[in-house]
Every structure is written in C-alpha cells, then in structure tokens.
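Below are structures written as structure tokens.
Shared between the two complexes below is chain A, which has chain B as its partner in the first and chain C in the second.
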Partner chain A sequence: MPGMDPIIDALTRRGAAQLAWLRGWRGFGRFAAVAIVESLTPATYNSATRSVVQKQIYFTAWQILPTFTLFSAVLSFVLIQIVVDAARNYGFAQHALEASVRILVLEILPLLTALFVGLRSGAAINTEVALMVVHNEMKALADSGVDPMRFEFIPRVIGGVISVLALTAVASALALVLAYIAVYGFQVWSLSEFNRVMGNIFDIPAIALLWAKVLAFGLAVTVIPISEGLAAPPAKLFFVPISVLRGMVRLFFVLMLVEVISLVLKYI
Partner chain B sequence: MAMAQESEISLISEELPLRANLSVLENIAIVPQYRQNMAYDQAADQAWSLLVGLNRSECAFKRDPDLSREERFVAKLLRAVIRSPSIIIIDRPALLLPDTHYPPFVEATLAALDDKINECWIVDYTWNEPLYAPR
Partner chain C sequence: MERAPVRAPLIKNMEFKVGLLLVLTMILAAGFLFYALFARGAFERTQRLILVTENAEGVEAGMSMTYAGFPVGQVKRMNLTEQGQVRIEMAIPVKDAKWLRETSVFTLEKSLVGGAKIRAFSTNLKDPELQDSAERPLYTGDAAAEIPEILAKVKAILANVNDMTKGDSSINQSLANVKAVTERMTGEYGVIGGVLGAPENARKVVQAIDHTNSLLTSLNGVSLKADGMLGKTDQRVFGQGGVMDEAQKSVVQINAILGDVRESLKKADAILANGQAISADVKEATTDIATLRTEVDDSLTKVNHLINEINRKWPFSRDVEVKLP
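Presenting the complex of A and B:
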C-alpha cells in the first residue's frame, strides 16, 4: 500500500536506531566482562602493560591531583559550612558532623570524582580508542604480536579504577579533616568524639557499599569510553565526535544509575 | 582478532600504521617489552641499536605525524624485525615510499639488516618489476 510507505520507513528507521542503541549496551557489557576477567588474569601483567597502567594513573590521577584536591577542598568546605550552619539553626547541631560526612564522603565526593575523571580522561580515552579503530592501529599492533586488548585497553581500565579510588580517598580524607575543623575547631581534644561518630557512619555495610560504588564508578569511566570507541567504524574519521558524544552521554547515565542504586540500597 | 604471532609473519603495509601516541623508539621497543616481558630500558636499548644500525637515531623520539615517509618505513620495518618473524612481507612499497626511488632504498635498508631478517618478501605490481635489480 503506497500510503503505508512513510510509516514503514519511519518504523524501520526507529527500529534501526533502537538496535544500534542496544548494540552499544551489548558492546559495553561484553567489554566490561572481558575487562574484569582479564584484569584478574596474571598473564595480563607484563612490562608493557605495567607501563601503560603507570601512565594511565599518572595522567588520570597524579597530573590533576593539585587542581582536584584544591577544588574538592573548597567544595567540601563550603558544603560542610552550609550543613553545619543549617544544623545549628534548626537545633540539631549534634548531628552536623554526621550529616556533612554522610552527604560528602558517602555521596557527593565519589560521584564528583567519577564525573571529573570521566570528563577529563574518559573523553580522551574515548577519542583515542575511536581514532585507533579509524586508523587501523589495533590491527597493526596485533600484526606486531601485541594484543591490543591486553596492551591498550585492560591497563587503562585498571589505571582508571585505581585513579578513581585514589582520588576519592584523597578527597574524602580531606573532607573528614575539614569537617572536624568546621565542627570542633582547631583543637585535638574532640578526636574521641569524632572517632565515635565516624564509627557510626562507617560500619561494615556502609564501607562495602562505598567500595562497590567507587569500583563501579572507576569501571564506568574507562569501560564505557573504551567500548564506545571500539564501536567506531574503521576508516570513518567523521564518526569520532559522534563516538565521544555517545560515550559521554552513556557514561553520565551509568554514573547516575550507579548513584541511584546505591541510594536505594542504603536508604530504602 | 587473528594475532600475527601465530603465523610468524610480519606485514609492512601502508594500512598498518605506527601507534600514534608512541615515539618510534617506543613503537619498536613495545614488541619485546610485551612479548618477552622485557624491561623497558632493555627493550629500548635493542630498539635504539636497530635505529643506529640504519643511521636513523634522529627519528627515535619522533611520533608518526612528524616522520618523513622514509623514517616511517624504517620504523615499521624495525617494528617487524625486532619480533624476528619467519617472514617479513613488504606490501606495495610504492604506497609506503611514494616520493622515493624505492627499490634501491628498500634493498639497501634490507641489506643493512641482513643478519636480523630471516626472510623478506616484497609484494609489488608486476608492472613495477623492471624497477628491481635482477636476482
């Protein structure tokens, strides 16, 4: 029927777009599974892969450490002051420390670190992997007897996860110090009270959930850009910006999804 | 992806570029570093001596976009040579060296690496056969 042609065309285009979207998620899932297995395989680690891990940690964590530390310190200080002042105004000053640490260390700082690393290193990794595919560099590496998966991609995942864990730890430690100063001032006599509150917050399930969340963030900021870059078609340079755009959008949704799941597990 | 290590054949081709974010020295050194778990310094020494052997040490720290076509060809060749494959295949050298009278250049380069290459095949169009010296 001639009248049905536009509808069939529209449905076909819509279906093709849905399939491409699903293929992207399948690629992400497959690469995540391979990355986890390979990173736990001792054979993955040799002189070459170790140097890529070191470089990844240098570029992802060490290079940005001063800026990131300063930024997270300023943000933490402002948020702690807001929470402490609000708690005092509403008459629950005794919970100010607990509230500020819960908000910052358990929720905001891990997410902020993942977003920071994702925007900086994730975008760069996505671009580089897409360019590798476009320029056929993976096949060239394989022809030299170097497995691109083990040499290029798995070390980046490992380095990215370590970087997110390390930066989150630095930001969190700094936030704890600032929270202590904001609540108790510049003195050490309240350390036992501070430790008691920390003990209440960081029980075993909370620590386990925090570790799992930060690990998931670390995986997401590297696995998604790499899998999206790998999905770029060979020899099509124009596709690189599209690949990065898709990678960043997917990364944003996955980070938010992980955060929402962790909130649900903790509070609902 | 079929790893070339299984076939022990290395291909030098316009379609197989150098790794763009590594220098020439690193592109060559990465092969023993990865395949033999060799320390970087030792692998870089090997790569350096190969480059010096061909009087190409000046390009050791350049990356792909900064290389001349001859330097790029040498880098690709040495990346293959350091792996010691049974056969090295040079695929259509005219594509790799379009501005060079390539048969004598390739011949001289291979001669300088004679003790390091098991076997080398040059794949070229039949109409380029007169360019090569008779064997």
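Presenting the complex of A and C:
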C-alpha cells in the first residue's frame, strides 16, 4: 500500500526510539544491580580497585570540599534566616528551627550535594566511558585480562557513593551549627532546647530514610553516567555529546524521582 | 577528565587526605546517629504518666507536655480503651518529674491556630511527687468549642443593650429626668430649685432664709444694747461713786453713830450704878431702877450685835476698821 509508507516509517521510528529508551533504562538497571552486588562483595576490594576508589574520592569529594562547604554554608545560612524571619512574622517562631532543619538537612542539602557531584564528576565519568567505548578501549582492556567493570567502573561507583555521603555529612553538620546560631545566637544555654527539637525531627525512621536517600543519590550520580556511556555505539565519536546529554537528563530525572519517593514515604 | 595516571604524580598525600575524609564522614554519620538517640532521650531515665481523656484530637506521639512553658515530657503512645476513652501514655524524664505533683492538673488546649498543647499545672510544689505510672484525667479546653456558647451570650447581651437604648427604655427616661433636674439646677434658684422641683418653693426657702437673717440682725442689736446696759449697771453699782460705794460710806457713818450711842449708854450705865449704890435702902425704888438698868444693858447688847452684823454682811469694807473703844 503506497500511501501507508510514511505512517509505517513514523511508527517504526517511534517504536525504535521507545525501545532504545527502554534499553537505556534496562542497561542502567542491570548495571546498577551489578554495581551494588559487586560493591558489597569483599573480593572487589584489592589494591588496584582501592587505588581507583581513592582517586575517585579525591577528585569527587576532596578537591571540591572547600568550595562546596563555603557554598552550602552560605546557602544554608540564607535559607535559615529566611525561614526564621518568616516564622517570626507569622507567629510560629517556635517552629522556625524545626522547619529550617527539616528543609535543609532532610531535603535540600542531600539533593544539592548529589546535583553538585553529578554535574561535575558525573558528566566527566559519562564522557570518559563514552570515549572509551567509541575508541574500543573496552575490548582492549578485556583482551589484556582486565575486567573493565571490576577495575574501572565499580570502584568509581563506590568512590562516588562515599563522596556524596561525605559531602552531605559535612554540609549537614555545618547547617545544624548554623541553624543553632541563627535561632539562638552565640550562646550555649539553649542546647537542651535545641536537642529536644532535633530529637523530634530525627527519629529512627527519619535517619534511616535520610541515609537510604543519600546512598541512592550516590549510586545515581555514578551509575547513570557509566551505564549511559556504555550504551554509546562504538566508533561513532559524534555520539559522545549525545551520550552525556542523555546521561545528565536521566540523572536529573532519577534524582528527582528519589527525592519524591522519599517525600512520599515520609509524609504519606 | 579524571584519568588517574596523568595526574597521579601531582597529588600529594592523596591517601592521607582520602582517609581523613572517610574518617570524618564516619565520625559524622555515627555521631549524628548517637546525637539523634541522645536528643530523643534514649539515654534518659523516664517515668510513665497516663492521661485519660474523652477526645484526644490533635494529640500525636512525640508531642511535648509543657510546665510553665518548658517541655517536661513527651507523648509515647495513645490508645482507645473499651470504654471509649483515650489513654495517652507520657514519658516524663526523671529529672523533670519534680514539677509534677499529686495535685497537678493536666489540660489539653486547642487553639484556633496552631496545634494542640498539653499543659501541666502544679499549684503547690510542696505536695508529694507524682508516682510512676500514675493515671490522671486530661481536661480539655477547646477554644473553638466555646465559640457557639460565646456567640449565644453575646446575642443576649446585645439584646439587652438594644432594650436599654430604645426611646422608652428606663435608662432613657432616667436620663430625661436627670436632664430636667440639671436644667432646674442651672436656673435662678440653682441646686435648691433642682431639689424642690418648682421655683415658687425655692423662692419661699430663700425668703425664709432672708427673714432669718434680718431676725438675727435685730437680735444682734438687742444683745448689743443689753451688753451696754449691763456695763452701765456695773458702773453704777460697783464703780467709783456708785451705789455700793455710797452704801459703804453710809455704813461707816452708821458705825460711827452707833459707837457714839454705845459711849452714851456706858455713861448712863455708870450713872445708874451710882444711883443704885445711893438709894440701896429704898427697896421699891431700887427695884424699878434695877429693871431700868437691865433694859439699858439689853439695848446696848443689841446695838453691839447690830454693828457686828453689819460688818459681817459687807465683807468688802473689811479694810474700814470699826474702832471700838
């Protein structure tokens, strides 16, 4: 049927794109599962992988620690001041501390850290892996007896998770100190009141949820760029930017998904 | 690009830095967990307090109970009993338990805005302390629940106010009367006019007062005259050359006369004594003469008595000596 060809073509393209999209997610899922299993296997940790993990942590966390700490401190302080002022204006001053700590420590700072690490190291990892695939380095590594998954990718995932954990911990601790100072000023006599409010916020489920969320963020910022890079077709250099683009969009989507799921679990 | 082999030589003490970061992260994570447990009172000894109420709307686990605005306990769990009452189990830190006494009262307050509040009130802190696992009623004070009642009362009050402000209300009539009284008060006869009601009555009172005034003036003149008369009488009776003065002089003269009379009588007595001696023989004659002499003596005694009597009755003339021979 001559008239139907364009429609069939369009449907075919649409179906292929859908399949590619699904394949991308399947690749991500498979890689994430392998990464989690491998990182929990003690045999993964030998001197070679340890070196890669160290480098990953060094570049992902240590290098940006001063800048990130300063940035998160400024942001935290500004947000706390806004919340405290608004709460006082509306007569809810007693809830100012609780509201600002909930907003910062439980929601904004973990997400901010993940975005920071994802945009910086995630993009770099995605590009690197895509280039390796394009240049057929994967095959070369495999031929020389080095399992790229085990010696290149899993250590990066572990390093990425630890980096996000470390940066979130530092930023959150700083935010708690700043929140105390913003609400009570430079004095120590309100510590018991502060402790009481913190006790109200951080019950065991809340802490467990926070840690799970930060772990998920850490996994996402490394697993998605690697799996997206691995999906790049060999010998097609022009595909590298597309791979990075897709990886970043997917990363953003996953981070938001994790955040929404955590909110749903907490408040519903 | 983070290709390790290229940059590796440039990194100094990478292992130490990464190790430091790892240790810091672990300390923060573990410390945070420990801190959260500490802040939630996991390491604090607590005692139980059961609060029983009909309606625990707004109460939730983790809510604080306050005493004088300070948190002294938390809601641990709540359940509904078979009798349809709510049992709220509170955890009171042992160090704060001293604020709760046997006589303490617990209230659940719900405000229009914001959450419910559980409050403890201890009026006498000398009462025995509240026992562990004590059960107390939780009184509910719901601001919103009272609104219909308050509205009903306000309506009644407004109706009363309406009645009061009507044209024929008692208050209006009273005010009209007050106005009439005060108008009279501002009239010719002032307050008296206001009190007595009519100007004629007031005029009579004023006239009476006027009369009394003139009467008092006359009385004053009378008393002045009386006063002058008394002064003159005094002058005439007791003054220099007055009645008393003259009387005194007369008495002095009488005294002198009587003194002379006594002299004469003494002479007569002496003559009579001689006559008695001469005519002693003549018995009859002598008897008559003796009678005569007795009579003369008698007269003399009387006169003497009279002089003494006058002197006694006029004491102010003491200085005037009656010279007796």
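Methods note: the second predicted complex is superposed on the first by the 268 of 268 C-alpha atoms of A that agree within 3 Å, B and C clash if a C-alpha of one lies under 4 Å from a C-alpha of the other, contacts with A are read in each partner's own complex, and residues count from 1 in each chain.
In this text, contacts are C-beta pairs under 8 Å (C-beta built on N, C-alpha and C of every residue); 3 or more make two chains touch, one makes a residue touch a chain.
Nothing here was measured: the structure is a model prediction, and the numbers come from that model.
**Student:** Identify the partner contact of A:I7: answer first if only chain B is touched, second if only chain C is, both if each is, neither if none is.
**Tutor:** After superposing on A, A:I7 lies clear of both chain B and chain C.
**Student:** Have a look at where A:S47 lands relative to chain B and chain C in the superposition and call it first, second, both or neither.
**Tutor:** Touch partner of A:S47: chain B, not chain C.
**Student:** Would you check which partner chain A:I242 touches, where first means chain B only, second means chain C only, and both and neither mean what they say?
**Tutor:** Neither partner.
**Student:** Let me test your reading of the model: by the given contact rule, A:F92 touches which partner, first (chain B), second (chain C), both or neither?
**Tutor:** second
**Student:** Chain B or chain C: which reaches more residues on chain A?
**Tutor:** Here the partner covering more residues of chain A is C.
**Student:** Classify the contacts of A:E128 with the two partner chains as first (chain B alone), second (chain C alone), both, or neither.
**Tutor:** both
**Student:** One more residue to check, A:D143. First (chain B), second (chain C), both or neither?
**Tutor:** first
**Student:** Between chain B and chain C, whom does A:W62 touch in the aligned arrangement: first, second, both, or neither?
**Tutor:** Touch partner of A:W62: chain C, not chain B.
**Student:** Once the two structures are fitted together, what part of chain A is touched by chain B and by chain C alike?
**Tutor:** 51, 128
**Student:** Note which residues of chain C are touching chain A in the complex, please.
**Tutor:** Per the stated touch rule, the residues are 1-4, 8, 11, 14-15, 17-18, 21-22, 24-25, 28-29, 32-33, 35-36, 38-41, 62, 64, 71, 113-114.
**Student:** If you look only at chain A, which of its residues touch chain C in the complex?
**Tutor:** 51-52, 54-59, 61-62, 65, 91-92, 121, 124-125, 127-128, 162, 165-166, 169-170, 172-173, 195-196, 198-200, 202-204, 207, 211
**Student:** Sort out for me which residues of chain B touch chain A in the complex.
**Tutor:** Per the touch definition, chain B meets chain A at residues 1-5, 10-11, 15-21, 30-31, 33-35, 37-40, 43, 79-80, 83.
**Student:** Which bits of chain A are touching chain B when the two form their complex?
**Tutor:** Within the complex, chain A contacts chain B at residues 46-49, 51, 128, 131-132, 135-148, 151.
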